[in-house]
Amino acid sequence: MPCGEYFTSYESRMGLIPWRTQRVALVFGLPIPFLVPFLVGGGTLTLFTQMYIFAIAVLGLNVILGYAGEIVLAQGAFMALGAYTTSQLLGTGVGLLPAILLGGVVAAIVAVGFGLPSFRVKGFYIAISTLALQFITEWFLNNGQFDAIHGGARQTLPSTPSIVGPVAAIGTDLDIYYLALVFVLAFAMLSLNLSRTGIGRMFRAVHENDLSAAVLGVNVFRNKLMAFAIGGFMIGVSGGLFAFNIGFIDPQFFTLTLTLEHYVMLLFGGLGRVWGALLGVGVVTILRDTLQNGLQVAAEITGTNATALVPVFFGVIIIVVLVVEPKGVLAALGKVKEYLRKWPFAY
Amino acid sequence: MVDVSTFLDITVSGIGLGALYALIAMGFALIYKVTGVLNFAQGQIAMIGAYGVVFLGTGAVLSSPLPAFGALAATIVLGVVLGVALERIVFRQFIGEPVLSVIIVTLALGGIFSGFIAFLFGRNFRSYPAELTFSSRIDLVAGATIQTAFAIAVLLALVVVSALMLFFRYTVTGSILRAAATDEQAAMVLGVSIERTIALAWTISIAITAIGGILLAMSSDGAGFSIEATGIIIFAAVVFGGLDSIPGAFIGAIVVGLLQEYGSFYFEGGTAIVDVGPGFGEILPLLFLLVVIVVKPYGLFGTERIERL
Amino acid sequence: MSADQRTSRRGSLGGGPKIPPEEAALGCRNVNKTFGSLRAVDQVSLGIEAGEWVSIVGPNGAGKTTLLNILNGFYSPDADADSEVYLDGEEVSGSPEHYRARRGLGRTFQGLELFEEETVIENVMTIRAVKERPNLLSALLYYGPGRQVEAENMRRVEEILDYLELWEYRHSTVATLPLGIQRRVDLARSLALEPDVLLLDESMSGLTFDEKYDVIRFLSDLHEEEGLTLVMIEHDLEVVTAVSDRMVVLEKGGVIARGPPDAVTDDPEVARVYTGVD
């Protein structure tokens, strides 16, 4: 706590950025992502866009897993629902924004549906039922019998749709970058707000001790469903943006590997922390990109299948993080900071 | 067009497939019963078994492969070693950690295993050495026949389920395992050395899972990545059976095997009554799983835990 | 043992509830609970008047905690019995536990059951949020009413922490605190509900004499100043006789005696249960 600053009201103390230094950091930090497109080239810009889109999905996972503690193994399925809904709706000409948001709504509805068993069972059962959802979704999307519903397994999205209805076409890399940035900032803000209000607290209470929470007045079932809805919506929106960014969709994009990847991001940064999730997405996306390029080179030189090793690295990172610091890198950084603050005296 | 002899044939192969799943499902149930670990990597471990034979017994990777049956034996030994190694290196770190961490660790292990296999073999089908493929089918009564791999699986699964039941009921180690399963820390405090018994459980579990994987591969004359999906299909079996019950896992697996065979015969392709599209055979057990979770989450033999405050 | 047999065995202090359960601040009638073959609670009826301080005593395994769990809806009583639970005149037999908590039934736990990874202030804020929470939209936007509700909750929670002398621990993670403080956090948490009736499940077990003294001081103040109705499970008979208006003695799931502490402790039946001497 810095010296010389005092709070005179509850509201100022409960603000997100209560200290002067933090406000200064925000003023200088916030414009950076908006200026990025003027500093980096096309390839890197796309990487950033990708990062923001994944960040939205990981923030959604953070609401369900980090806050409410429900193990959901259907990141791929929820994103696919968002992506295919968006693709189908774009064809009707409603515009990009409504299509993406409705994609989120569809994912949220399915997420709530799969949260319903949590009325009777917990934890592990939700993990398996959502894992089953993942497999069923993949089968459903690959299945030609259902083309009328999902519009075919492989689809190309219109490259320059209008934003709402017939107004304002967008489509350049720069447009998508800003669209994703706005979405990720909005969802990060919403997650932070959720976390510091009663609803977020109740989610965490459900996570930490659902029995005593219920006896003390928390409607556990309702809160779980709410977490599923909010998280599912965010993941679905991320799926829609993902589809639009890539320009075409294929069930192969939305497999269990994607779920694993998002778990790596969230666990690496720190479960239940918005800044942790964002940090995790940033670090892991860059790491994966570097790794993929490196393995690509290795694959060409050795003539082996080296790119298939990516999940191996992810798996190892997850296990190492869980063994060394289950609360993620952000918590570890906090410990380092605390150590340095007290250094050289350990008290 | 449901005619009796085809129905019988499908039923027989359903039981055969179910027996294969039973090995993998019992591997899961055993570990859950003893250590409380919910192993989401069963499918990948089965795949290690299946591809282990390809690795050791064909020229896919090694320049001088072992003879077929040597490769088979070596793979099973490999499974045992893997079981011990996993317990020592990974799962010991997570004793007493929240369920969430353990589940994620097994998922991560699954990713590691399948990544390695994809690295070594690509995601393609790899056929088995000729000695290990059975072109002939065994004749049963009433004109029904059964694939040799399925027949072996049925016998083996029966042996394993009765051996495990007898083991838990009548041996000292079995009762130690039961004690450890009830309360790990209490068992430790009472001086029961559970380390060795837990290592034993992992060994048995991974060995029978790997054998299940090998037989699964044999039934289609070679190893393929589709075996990975077994990991989720057996959940239908164990949840229906009641999670920590070994006979429950066995019965559940038979039910699931039957469902899959009926599903793929009567609901997909040219033989279908209602064609729902390719791959429905594997989806039917998953739909069954969802129904079980909603209707009877504690399964056939599972007991509902009494929560205390 | 059937209910009839117990009636015949009852001492002079048996009899029914003090007031009919329907009119009580918290009451139940003919409640049974069976676990497998074990009858944990056997035909218990209670009627606790508003403003009373009632202690439930009995040997281990007498069904005290199970009875509390039934009263606040954590367990549902056996279906076959014609059992009823009343809270402030309303029949709540079919309502879930969270509803009863919001209707003014607080509870502390024998095993604490705190949200261990959170700070003290977060623990209390969580339960405060049950009482008065912003709607989802204003919470997500943190604007307008959502913001005011949070500030008001924080003010109220700080009062409670102040009252229970938890001020210096407010930013500590609960898991790191000593048992005495954790018990107080548990109490603070249930006070955040602003309950009319507070169920205390051995809230003094494991405490030192000083800590016990403090807890009794807090409870007495609440009882006298706020008129809080207290239902307390407690093993320390000295404490029980000193503070409570009435006692209920349970054995093997059934009520064997009830009444003012002095009369109950003199009852030969109670003495038999406690000392094993006839």
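The chains carry the letters A, B and C, assigned in the order they are written, with residues numbered from 1 in each.
Note that contacts are C-beta pairs under 8 Å (C-beta built on N, C-alpha and C of every residue); 3 or more make two chains touch, one makes a residue touch a chain.
What you see is a predicted model; the values in this text were computed from it and never measured.
Chemist: Should the pattern of chain-chain touching be classed as line, ring, star, complete or other?
Modeler: complete
Chemist: Comparing the two chain pairs, does B-C have more C-beta contacts than A-B, or is it the other way round?
Modeler: Between the chain pairs A-B and B-C, A-B carries more contacts.
Chemist: Where the centre means the average of the CA atoms, what chain is farthest from chain B?
Modeler: Result for max centroid distance from chain B is chain C.
Chemist: Most central chain by CA mean?
Modeler: The chain sitting closest to the overall C-alpha centre is A.
Chemist: Please compute the C-alpha centroid of chain A, do the same for chain C, then give the distance between them in whole Å.
Modeler: Roughly 42 Å separates the two chain centres.
Chemist: How many Å are there between the centre of chain A and the centre of chain B, using C-alpha atoms for each centre?
Modeler: 33
Chemist: Averaging only over C-alpha atoms, locate the centres of chain B and chain C and give their separation in whole Å.
Modeler: Here the centre of chain C sits 48 Å away from the centre of chain B.
Chemist: Using the touch rule from the top of the page, what residues of chain A touch 2 or more other chains?
Modeler: Those would be 211-212, 215.
Chemist: Any chance you could list the residues of chain C touching two or more other chains?
Modeler: 74, 109, 113
Chemist: Residues of chain B that touch two or more other chains: which are they?
Modeler: Each of 307, 309 in chain B touches at least two other chains.
Chemist: Please output the residues of chain A touching chain C within their complex, sorted ascending.
Modeler: For this pair, the touching residues of chain A are 9-11, 13-14, 190, 193-194, 196-202, 204-205, 208-209, 211-220, 226.
Chemist: Please output the residues of chain C touching chain B within their complex, sorted ascending.
Modeler: Touch list, chain C to chain B: 35, 65, 69, 74, 109-111, 113, 201.
Chemist: Tell me, which parts of chain A touch chain B in their complex?
Modeler: Within the complex, chain A contacts chain B at residues 65, 69, 71, 73, 116-117, 120-121, 123-125, 127-129, 131-132, 135-136, 139, 142-146, 211-212, 215, 257, 260, 263, 267, 304-306, 308-312, 314-316, 318-319, 322-323, 326.
Chemist: Any idea which chain B residues touch chain A in the complex?
Modeler: Answer in residue numbers: 38, 40, 90, 93-94, 97, 99-101, 103-105, 107-112, 114-116, 118-123, 229, 232, 235, 239, 275-280, 282-283, 286-287, 289-290, 293-294, 297, 307, 309.
Chemist: Can you list the chain C residues touching chain A in their complex?
Modeler: 72-74, 96-98, 101-102, 106-107, 109, 113-118, 122, 125-134, 136, 139-142, 146-147, 149-155, 189-190, 193
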